[in-house]
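Okay, got some structures for you below.
Two complexes follow with chain A in common, the first pairing it with chain B and the second with chain C.
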Partner chain A sequence: MNRVHNAKLILWIITGLAAAVALNRYIFGLGVTTNLNDSTPWGFWIGFDVMGGVALAAGGFVITSIFYIMKREEFHSLVKPAVLTAFLGYLAVIFGLLVDLGLPWNIWHMIIYWNPHSPLFEVGWCVMLYTAVLILEFSPVPLEKFSRYAKIRSFLMKFRFVFVLLGIMLSTLHQSSLGTLFLIMPFKLYPLWYSNILPVQFFISAVSIGLMMVAFESLVSHWLYRRKPETDLVAKLCRAVVWVLALYFLVKMIDIIAEGKFGLIFNGTWQSNLFIFEVLISTIIPSAIFSAPKLCKNVKAQWIGSFMVIAGMVLNRLDVGGLVMLGATGDSYTPAWTEIIISLGIVSIAALVFLFVIENFHIWDIQPEDPEANPHALPTFDYSSRAWLGNPNVSSITKHSLAFIISFAAGMALMPGNHLYSKGIDSIKVSRATGVDTLYINGNRDDQYVKFPHQAHIEKLGKDSCNYCHHLNLPDEKLSMCWECHSSMYAKVNFFRHDWHASAKGANLRCNDCHKPGEARSVKSAKSCTSCHPTYNFADTTNTHLKHYILSYTDAMHNLCVSCHLIELKKQLVKDKPNLAQCSTCHKAGLHQIITEDINWKIKLPHFNNVILPNAKQVEMEMK
Partner chain B sequence: MSKGILTDVTKCIGCLKCVSACKEVNHLEMDVPRIWQKNDGLSAENWTSVIQRTGNRYVRKQCRHCIEPACASVCLVGALHKTSIGAVVYDSNKCLGCRYCMMACPFGIPRYDWDKTVPHVEKCILCYDRIKDGEQPACTKACPTGATIFGDRSTLLAVAHKRIKDNPGKYINKVWGEHEIGGTSVMYLSDIDLGFLQYQTNMGTKPLPADTAPAMKSVPFAFVGMGGVMLGLNWIIRRRMELSKEQSEEKSKKKESADE
Partner chain C sequence: MSSILEFARGPLFRLCFALMILGLARILFLDVWGAYKALRKAGDKKMPWKLILSRTWEWIFPLKRMKNNFHFYSLLSILFHVGLIIVPVFLFAHIQLWKISVGIFWPSLPFNWALILTVSTIVFAFLMLLGRIIIKPIKELSKGQDYLWLLLLLVPFTTGFICVNFSISPGTYQLLMLFHVLSADVIFLLIPFSKIAHCVLVPLSQIISGLAWKFPPRTDDDICTTLNKKGAPV
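What follows is the complex of A and B.
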C-alpha cells in the first residue's frame, strides 16, 4: 500500500501550500497573489479550474448516459467512480470559483439577480443545478452505510433515471455554454479558435474528455491500489473515443475551412504552432493510437492515449480561456506559481476525498484493503542487525498532518513580502528650450511648444529676477538651464554629483570639507549646498540640502509659472488680456499654429535648419 | 434622451484637466503605478486618461458607453446596465467579481481593484448622478479648449458632421463611435487613426451581444432536445432488448418443444 501512502503524502503537501496561498489571497487581494492584470482578467484559474474542471468532470454524464440510457450493463463497475469524480469535479470548480471571484461571498447573487442574456448566468445556474442533481445521484452510496436512511435511499434509487436524464440535459447545456462565453470576444480570441459553433465544439470535446477521464481514473486508481486493471472496459471506451474525436476534428476543420481561416494554421506564428500542437495531442495522435485494436487493449497505450486527450483538451480550454487572447491585448501574462499551486491544491483536495470515499464506501465491487488495518505486518525490528526499522506507531494520519503543516508554513514563507509592486515612472528625458527673445519650451511633448516671451518677462519682473529661473550662479555667466537639472519629465532626480565634488579634477574636496568630522558620512552630516554656493537660489533649500532631489520637470515648470501667473491674474483683472492661469493659453494645440503665427521664427534662428520638423516642407512652401 | 460626449482630438492639448476633474468628482484616490496596470493610463483610480500619440496628438480614453454594451449583456447578475440617459452604470452591491465584463469589453475599459480585499469593477459612469440632474460631466465641464463636449447624441453627431464639412481636409471623414458595434455614446472626431483605442481596427457595425444571442436562444431547444433524444434512444434500446429477449425465449421454447 506504499503507493497510496506516498500519493497521499504528495497530495497533502500540495494542499498545504495551496492553503497558505489561499489565505494570502483572501487577506491581500488578487493583485499581489496572482499575475492577473487589467488585460488578462481571466487567467489560469478560469482556464484550468473552471473551463478545464467542468470538462474533466464530464465523465459523469457520459458514463451515466452509456449505462442508464443506452443500457450497456457491462460498464456497471465504472458508473459509481465516474459519478463520484464528476461530483468532486464540480465541487472543485465551485471551490476554484470561490478563490477566483473578487467577491466570493456574493456568489449567491446569481440566484436573486437575473440576467438571462448572459451565457455565464446560464452556466452558473446549470452548474448549480447539476451539482444538486449529482448529490441526489450519488447520495445512495454514502446512505448505504446507515440503515436508518434506507427509506430515503430507496426513494432516491427509484428516481435515479430521472436524475440521470436531468444530469445529461443540464450537462449538455453548460458544457456547450462554456463555449458561448467566448462568442462575445471575436476581436480578442484568435480566429483559429473563434467560431460561431464554439458551443458545439465544446460539447463534443467534453464528451471525448469525459470518456477518457473515466478511463484514466480507472487506470490510476487501479494502479494505486495494485488491482488488476479493467483493460477490456477501458478498451471499449478507447474505441468509442476515436469516433468522438473524429467528429470533433471534422467539425473543427469544416468550420475553419468554411470561414477561410485554413491559411492561418500554417502561417508560422506562435498561435498557429500552438494550434497544431493542441490538435495533434488532443485529437490526431490519440485517435491514431486507438484506431489500432491491439493498442486499444494495451495498458500502456491506454495510459498514454487517455492522458493525451485529457491534456490536449484542457490545453484547448486554456487556449480559449485566455492564452490566445494575449496576441490581441498585447500584454503578457504568465501564471504565477501561486495560481498554479492553488489549482493543483484544489485538484489534490478532490483526489484526497476521492481516495477517502473509495476506502470507506462501497464504490468498487471488491473493497480495497485498509492500509491501516495491520501496521504491524511490516518488519519493525531487524533481529540480525538489532536495529529498529521504523516506528510502527507513527500512523499515516500523523505523517500526512505533518506534511500539511510543514508545507503550509513553507507556503507562508514563500509568499512575496513586498506587496507593493510598482512599474515606476517612465523616465522621459527633457529637451532644451530654443529661441532668443521668445523661448520655445518643448519639454518632451513632441513638438508641442510653449511660447515663453523671455525678454518680456525680464522687462516685467526686473533685472534681479534672473534667479527666479536660473537658480545656479555658474562661472563665466554660463546659463543654468531648466532641463539640465530637471532632466526627467515626471520623476524626481538627484542632481548632486558627489564624484565630481570629490575628484581631483573636479572640486577636489576632502571628505571633512563637507561632512562633519567624527560623524557617519551620510547626507545628514553633510553641509548645505548654499554654504559653499551662497549665490545658488534653490526653491526649497531644506529639501535639496537633505535629499539632493529636485522636482520633476512638469512639477518645476508648473510650480514656477502657474503659481506666479495665478498671482498676476488676481492682481490685475484686465479685460481682453489672455487668461494666464488657463492651461490652453500657453499650451496651444498643435505646432502648426505656432509656426504659422510666427513665420519669421525659422529665419531668425539659422541653427534651426538642421531640425527636421513634421511639416518643415509646409513652412518652406509658405516662405516662398 | 440619450446623452453622449464628443471628443475632438485636434483641439486637445493634453492638459489632463479632465482627468483631475474626474478624480475629484468621483472621489478617486492618488494613483500609484502598479504592475497589473495597462500602459494606457486607465486604472481603478483613473476612469479617464489622455494618451499621447506621435504628431502632437492627445486622445482621451474613457468608457465608450456603447448603445448595446457587451459588458452589460454578459454580466450574470446585471450589475452593469445601460440607463435610458445613455450612461452604462455599475452597481457594486450586485457584483460578484467574475470579471466577465472586462473580458467582453471590445475597448478594454473596465478596470479592477486588484490590490483590494473587497475589489470592484471601476470604469467611467458618465457622471450619472450629475447628468441625471441636468448637469454635464466633470470632464467636459473642466475642458479648457472645448475639445470634449457633452450633449444629446444626435446633436453631437450633427456637430461632428458639420465640423467635418466646414473644415475639409482637417479631419478624417469619420465619426468614431457613430456606427461601430452598433454605435457608442462617447464619440471621437480626429485627424489621426484611432484604431488603437480598440482591440481590432475594424470592428464592424454589428452589436456584440448579437453574437451570443443565437446560441442563447437555442438553449431551451438544446435542453429539451437532448432530453427527447435520450428518452427516444432509451425507448428504442429497451424495445430492442425486449424483442431480443422475446425472440430468445421463443427460440428456447421452440427448442424445448422440439426436444419434447
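What follows is the complex of A and C.
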C-alpha cells in the first residue's frame, strides 16, 4: 500500500467536491450553499476555517519562539515544517474567508477604510501582516533551489530574526483579539463560554493547539513517508502542553467560579453537556495522558492525545464562534454538507501543497522521495488512458486528475438543484398596521411588532406635519397609508399604473403626451411624474431605470423613521432619549423562532443586503 | 416519467456536463504536459513550428487534403460537423435553459436555420454510416466505436427534431425528451474518454508527431514497452 499516493488520492477527491461547491457558491450565493441565516450569520465556516484555522496555524509562532527566543536548539528539525504549516494555515484562513464573506471582493476595504475601534479590524490587519511576514520567513526555503536568487535569500536570512520577532508579536495580538471579538456579545454567548478574559483564554489555548499541531503534523508526515517518528521531540512537546493545558484549565475554572457560573456546568442542558465534553477532550484527558512519562513517549498515545487537543480546541472555537449563541437566538442550525466539504476542501488543498513542498524543497534534512517516482518501479496499466504507463509520476498525475474531475462532477450533481434557480426577492404582501392612536406595525405578520405611537407623534410634531410621512396619496384619497403604495415587504414596488394612464376611463392620455415623439417608447423617453404632478413628493429615485419603482415597505420605514430620529437627535431636541436612533428603540421584541419557519429566509438571504440604511445625505441636508 | 426526466436534465446532466468540460481540460493538460516534458528531454529542441501550424490548419479545414482522399466522404464529414457543433450550442431552446438556470445567454440561431441544420446533420450522419459500411477502404479502417458514435449522435438530433416539429401526445413527448436528454448525457460522459476527444486534441496531434522526430535514440524500445508490445518492429 502506498500511503502517500492514497492520501493524495483522497485529498484530491475532497478538493474536487469542494471546488464544485465553491463554484456554486460564487454563481448562486450563500443561500444555496449554506444553512446560515440572518440570526445565525456565523456558522461552521467562521468557527472552523477562521477561528479554528488561525488557532491551528499557531504552531508557527510557538515553535519559532521556542527555537529562536528560548534557544532550544533540539527543535531545529521542527521549525521549517511548523512555519510552512503556519503559512499554509493562514492562506487557508484567507481562502475560507473569501468563501464566507457575502461580498468577498470587498476584502481589501479594511486596508483603506479604517475602523480602529473594531477588534475585527485588528484581527484583519494582523492576519494580513502576519501572512506577509510568513512569506518572508518561509521564502528562503524555495529560493534555496534557484542559485540566481542567492542574494535575495541571503538578504532575507540576515533579517530572519526580525521576521521571527514580528511574527510572534503579531500572533500574540490577533490570537487574543479573536477572543475580543466576542466580548461584544455578553447576552448572545452562553455564560459558560462568555468571559471577560476571553482574549487571555484564546491566547493560552492557541499556544496549546500550536504545540499539538506541530506534534500531530510531524506524526502524520512521518507515518505517510514511512520515516522513523521523532518520538523524543514530540514527547517534549507533549510534556510542555500539559503545563499550558493546566494553565488554561485553571484560568477558565477560576473565572467561571468567580463569576458564579459553576452551577451551570452540571445543570443538564445541552450547553452544559457540550461544555463538559469540550473540556474533557480538549484539556482533561490529554493532560492525563501526557502526565504519565511512559505514555508521553508512546507513539499511539501521542497520536491520540495530540488529536484530542486539536479536536477539542477547534470544537471550542466552533462553540464560541456560533454554536452556543443558538440558545439566545432561538434559532436552529446544522451545517449543510456543502459547508463542511468546503472547509475540508480548503484543508485538503493546504495538505496537498504541504506534501508537494515537502517532496520538492529542503524541509527535512533528508528529502523524501515520492515512492511513485521510483525509476525502477514496474510500469502499471492505466485504465483511464488505456496504456501501460512506464513513468509512475505520469501515472499518479493521471489518476489524481481523474479522481479530481470525477468528484467535481459528483459535487455538481449533488448540489440541491431546486435551490439553484432562485428568482430574487419574494414579493411578500404587506398587511396594514393595527390599532388607532398607537399603531402596531407588523407588515409581514411574523409577530415581530413595532409599536408606533401615532397620536404622540402628531402631538409632538404638530398637526401640519401629516405630509411628512403621508407624502403621496392615491387618486381620490386624502391620507393614503404607507402599506398601500409600499405594498411589498422586501422587494421594490412598481407603483406606476401605465394601463390606467393610457385607458379612456383613466387618465385618457395619448402615447405622445408622455413619451417623446419619434423615440422608442420606454421609461427613458417618458416625462417624469412630477411634470404632471408637481405637488407629489417622490422619494429619491434618481436612477432612470428605477424611475417607477419605489422602496420596499422595510426600506421605506427605515428610511423615514431612522432619518427623522437621527435629525431630532442631532438637533438635541430629545435630550432624554439618547438611544432614539438605535434599532432597539422601535424593535423591542427579541428574535422569534417563528421567523425561520414563516418565510424562506435561507434561500433569500443574500438579497437581504438590499435593506437600505438611513440616507446620510438627507440627514446632512436637513441639518443645514 | 417526469421524475426520471427531471433527474436526467438535473443532477445527471450536471454530472455529465462537468465531466465533459473537466475531462477535456484534463486530457489537454496531460498531453501538453507530456509534450513539454518530452521536448525538455529531447536532444535537438528545434521544432518546425511553421510546418506544424500549417499542417494543423490543413487538417482542421481539410480542403486541400480532399484531392487525394475520398472527396465525397470528406465533404460529408465536414458538413456533418457544421450542424453537429452549431445546433446544440446555438439552439434557442438550449440557450433559454442556460438563461433560466445560470443567467448567461448568447445569440441564438433563427428557427429555420436550426431546422435545416438539424435535418442536414441527420441526413449526413446516415450517409456517413452508409459510407462506412459500403466503401471498402473506409470499412477496413472503421472500428465498432465509429459506427456506435454515429448512431448515438443520431438519437438526440432525431428526438429533438420530432419534439419540436411534430404534434405528438404529451406522453410521447416526454418519452422522446427523456431519450433526447439521456442520449445527450451519455454523449457528454463519453466525449473525454473516447475518440471524440479529438475536439480538443486536434491542434496537438501535429505537435506530437513533430516531437516524435526529436526523441533521443533508442526511444522506440521504450515506446513499445509502454504500449505493451515489447520487441515489436517499429
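Annotations for the structure displayed:
Rule of thumb we're sticking to: the second predicted complex is superposed on the first by the 398 of 624 C-alpha atoms of A that agree within 3 Å, B and C clash if a C-alpha of one lies under 4 Å from a C-alpha of the other, contacts with A are read in each partner's own complex, and residues count from 1 in each chain.
Note that a residue touches a chain if its C-beta (ideal position, glycine included) is under 8 Å from a C-beta of that chain, and two chains touch if they have at least 3 such contacts.
Computed from a prediction, not measured in an experiment: that's the story for all the values here.
With both structures placed on the common chain, the touch criterion links A:Ile27 to chain B and to chain C. In the overlay built on the shared chain, the residue A:Ala410 is in contact with chain C alone; chain B does not reach it. Residue contacts after overlaying the shared chain place A:Leu173 against chain B, while chain C stays out of touching range. Put simply, more of the residues of chain A are touched by B, taking chain B and chain C as the two choices.
In the superposed model, A:Leu402 lies in contact with chain C only, and not with chain B. Judged by the touch definition given at the top, the superposed model places A:Leu165 against chain B, while chain C stays out of reach. In the superposition on chain A, A:Ser77 makes contact with neither chain B nor chain C. When both complexes are overlaid on chain A, the residue A:Leu181 reaches chain B alone and has no touch with chain C.
In the superposition on chain A, A:Met110 makes contact with chain B only, while chain C stays out of contact range. Shared interface residues of chain A, touching chain B in one complex and chain C in the other, are 27, 420-421. Within the complex formed with chain C, the residues of chain A that make contact are 20, 27, 379, 381, 384-385, 387-390, 394, 397-398, 401-402, 404-406, 408-410, 412-415, 417, 420-421.
Those residues of chain B lying in contact with chain A across their complex are 10-15, 17, 32-38, 42-43, 52, 54-56, 70, 73-79, 94-100, 102-104, 106, 108, 111-120, 144-145, 147, 198-200, 203, 208-209, 211-216, 219, 222-224, 226-227, 230-231, 233-234, 237-238, 241.
The touching residues of chain A, when paired with chain B in their complex, are 26-32, 36-39, 41-42, 65, 68-71, 101-104, 106-107, 109-110, 113-122, 124, 165, 168-170, 172-173, 176-177, 180-181, 183-188, 196, 199, 328-329, 331, 419-425, 445-448, 582-584, 587-591, 614.
For chain C in complex with chain A, the residues that touch the partner chain are 10-12, 14-19, 22-23, 26, 29-30, 33-34, 100-102, 193, 222, 225-228.
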